[in-house]
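The next part holds the structures, each set out as structure tokens.
One chain, chain A, appears in both complexes that follow, with chain B as partner in the first and chain C in the second.
And now, the complex of A and B:
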């Protein structure tokens, strides 16, 4: 099937405003690469899960795709058309095809607006979408399984799960082709997490959505994703089909990440891989493979250049010269 | 509004302030009905009279009824306060939101302008303007507006900066909301509470400023009654009669107390609610 979104070598670079002192110290770079050279494609009905530590650039990637931070390089193809990018990121008509649910469910709803107004808002921004914004808002409320009595509530009167549903409804209003869900289950208890994932799956099926899901929760990846990518310091160091990666992770970082996932079964022998040290600063990106500072399998060549991509495309690929076997 | 009144009734000083404000407003608005005499009518046989049934607060050096003059003076005071504060609030809102939400170079230019304006002592500034244009009520209003705009603009700017990068603004931007929509529908409602408080606390300051300028002869010209000019006239005849000073001073004290109590009470009521709503402190 044709992809909703295909991205090649996407870069997000933040300028660092160090001021005069930083200029005189002369050490720091004038910009930092938060996302560097990321490639992926999402087809309708696909769910790409992006996992990685805090600070690995997952959220920045999402913000770059939704036009909230400037994308500094790469090719983006949306619905088969190359997207013209200016210094501000995407152009407005393209942006509507990509909706985003931000991380903080309550905080991403305007606090002085009722749910009704919040849901009518996208139709007021874009009057072509619906003739009657208020009726459309109520339809959205039904769509995400909230009863009409929520229409009069304010965001602070909603629970995390309810606020998530309202956020999802808002994201669906513009009939996107791709939904970016940043931590859609964070802060929800397990039963509500399940409901949220089921709702996402239902909406995905009905609307033929492609979903990019950013998460820390590996169990959710296993349950919901059709593709996964592991991000480290702004790069995808391993990506492919979840069942393949869970079964046989090749990159040492992936292996460590998966080994850290707690198991429900206490009898399972846990074979943790301990990583030493901290995630390196983006200001001082290590030479070569960024992971060599913490990698138990690092070799001399790892210090020299970033490793070539290996593996089978669309199944499992990794960037490591000395993969786990 | 109902909630607000219920909260207010629990706070004694706030309620006192509210009642004083209502009384002062009513007396000023209906001055022409309530006033027992024409505030400009001169009666030289009854100069500097003590309070009597005919003249409740006595008469001034020209025999004018002080009670009537105080009522009409209240009109001047509140007119100055309402006009200048609302204009300054609107301009400050506009400039502050531009500074807080616009590009950083514009922000810097505006902040320098605000700080420059604030660095003039108000009275010196007023004197300079009066020297150029001559004293009048409009000049008083203009001076107060010009000196208050930076105060409001700075508060608005700080509030806007605090709100502009919160998640809900990002979410609106991701949906493609225009800058105007974001400012009007999402930033303004979230910064307005502290502004209302500031504006209400500013009323006594402005009333005092008008009285001060009139006292210095820089405000409204004779024969118009203003609390400042009543004080000024009374000051010259203090040895003959204390009543003009008392009559001119009491309303000033009442207005100051009333609006300050009300403002402080509003702050107490609105702030914890804001925190409860989680609007700004997340």
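And now, the complex of A and C:
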């Protein structure tokens, strides 16, 4: 199938001059690498889940793809065409093709606008999208399963799940080919989380969307994703089909992450791999494989260079010299 | 059986809102024995924060305790004056929040803050410093001596939460209240912190009231569980009893919806149909009746009570 988006070796680097960042860097580093060389592709109907703990660079990756922060390297191909970069390094994708559902559902909605206005706004900005913005707004409301009575509400009058639906509705206004959903279920209760994921699946089916779902919740990946990538300090350290990775994770970090998932079933706690220490700071990026500081399987070579990719492309690949069996 | 540390009975708390009186807690009963870890599970809006705010006496201005009693070591917290309450909070009753910066001061070093918290204790500065060091080691802070000189912003989220836990336990409280303390952390850190907390709780011998909407975390950590729905306790009992043989239809629904326990890789997830009731106008019968697939006639007219001892549910149908 033809890909909506293909990304090769994308990088995002933030300068750290001045302020708290420079202080924390001890004035040594002048920049930090937040996304350092990730590659992936998303086809219509696919959902790529990007999993990783806070600070691993997931949001930065999403912002880079949508042209909200400058990228410092890599190739991005949208609908078969290379995406150009402007002189400041911002990608210039066709804004209608990629839309983003931001992480903070209430904070990303303007507090003084009613839901009706929030949803009509994209149509006013781009009149080609619809003849009647207000009618189109109501159709969107319907599309995300909210009744008309929500049209008059303000963002602070919405629950977490309702605000997520409004965020999704806004993201759908432009009829995108790719939706980037940043933590679409974070902070939601399990039942509401299921409703949100079911809605995303329905919208995806109806519109033939490609989805990049950023999450740190492994439990939803198994149900919602066709592909997954595990991100650690800005790199994809393991990538492939969820059923493969869940069944047989090869990177020790993936294995630890899967095993650490607290469950109501006490049997799952048995084979738990203990990780050492804390996630290193981006300001003190370890040399070699960044995971070696916490890895129970680290060898001398891991301190020297980042491991080569192994495995079978499009099925399961990992970057580790001493993978889990 | 040991004496209860916390005894909440018949607690009802309202908020006055422009839509009328909102019944945030109704007839809540909760008992925590010394040295036990009790978890509260329940979805957003079920009243977890209201309950904690009532215990630590930090309810917002529009709140009103309609009825009930909160006894902490036999003393009625609702009757204490502000000064006595402050004294209790820094000493016998400790808190850990979801955001560790709630309890950390950004402009003071970790060492200084840990010293300050021991101001009531005897002992030299050196002794107090060594106690701080020991506590940081116990919560799993690597290279604790160096960390004493650092500031909160030098630390990762996981480290900050460990420091917050260390500070909370410094005074060896009788009760630690933890409100979603691991929700913002990565799963590998979450598990480490839970295991540390469990270990420390045994050493210090305190009781813990642990709030989370993560069923797996509650299951791993807690001895007992209290399930709340829309301001009421609908089920309570030993953790394994409640999770292995849930009685209340709401608890069952919650467990069925947990994607962690669904093995099939189907991309349609189960949900609990319907919406939370409007708490300014709660249904006259069972609070869960409008969403319940097992309800009978009695459920819409009469309120089921959470009677008895041990594993129990407020439900007419699932009384077995």
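Basically, the second predicted complex is superposed on the first by the 305 of 325 C-alpha atoms of A that agree within 3 Å, B and C clash if a C-alpha of one lies under 4 Å from a C-alpha of the other, contacts with A are read in each partner's own complex, and residues count from 1 in each chain.
Keep this in mind: a contact is a pair of C-beta atoms (placed from the backbone, for glycine too) under 8 Å apart; a residue touches a chain by one contact, two chains touch by 3 or more.
Remember, it's a predicted structure, so these values are computed and weren't measured experimentally.
Q: Would you sort A:112 into first (chain B), second (chain C), both or neither based on which partner it touches?
A: first
Q: Please indicate which partner A:297 is in contact with in the superposed arrangement: first for chain B, second for chain C, both, or neither.
A: Touch status of A:297: no partner.
Q: Just to be sure I read the superposition right, which of the two partners does A:309 touch: chain B = first, chain C = second, or both, or neither?
A: neither
Q: Using the touch criterion from the header, give the chain among chain B and chain C with more contacted residues in chain A.
A: For chain A, the partner with the higher number of touched residues is C.
Q: Contacts for A:285 in the overlay, against chain B (first) and chain C (second): which applies, first, second, both or neither?
A: A:285 sits against neither chain B nor chain C.
Q: Now for A:244: first (chain B), second (chain C), both, or neither, which partner does it touch?
A: Touch partners of A:244: none, neither chain B nor chain C.
Q: After superposition on the shared chain, which partner residues are touched by A:265: those of chain B (first), chain C (second), both, or neither?
A: second
Q: Mind pulling up the chain A residues that touch chain B in the complex?
A: Touching chain B from chain A are residues 63, 66-68, 92, 95-96, 99-100, 102-104, 106-113, 121-122, 125-126, 154, 156, 167, 170, 173-174.
Q: Taking the complex as given, what residues does chain A use to touch chain C?
A: For chain A paired with chain C, touching residues are 20, 24, 53-55, 159-160, 187-195, 197-198, 201, 216, 218-220, 222-224, 242-243, 256-257, 260-266, 269, 272, 274-275, 277-279, 281.
Q: In the complex formed with chain A, which residues of chain C make contact?
A: Listed in rising order, the residues of chain C that touch chain A are 43-45, 142, 153-154, 156-159, 183-192, 194, 213-217, 219-220, 240, 243, 253-255, 257-262, 265-272.
Q: For the complex, give me every residue of chain B touching chain A.
A: Residues in contact with chain A: 166-168, 170-178, 181, 185-186, 189-190, 276-279, 282.
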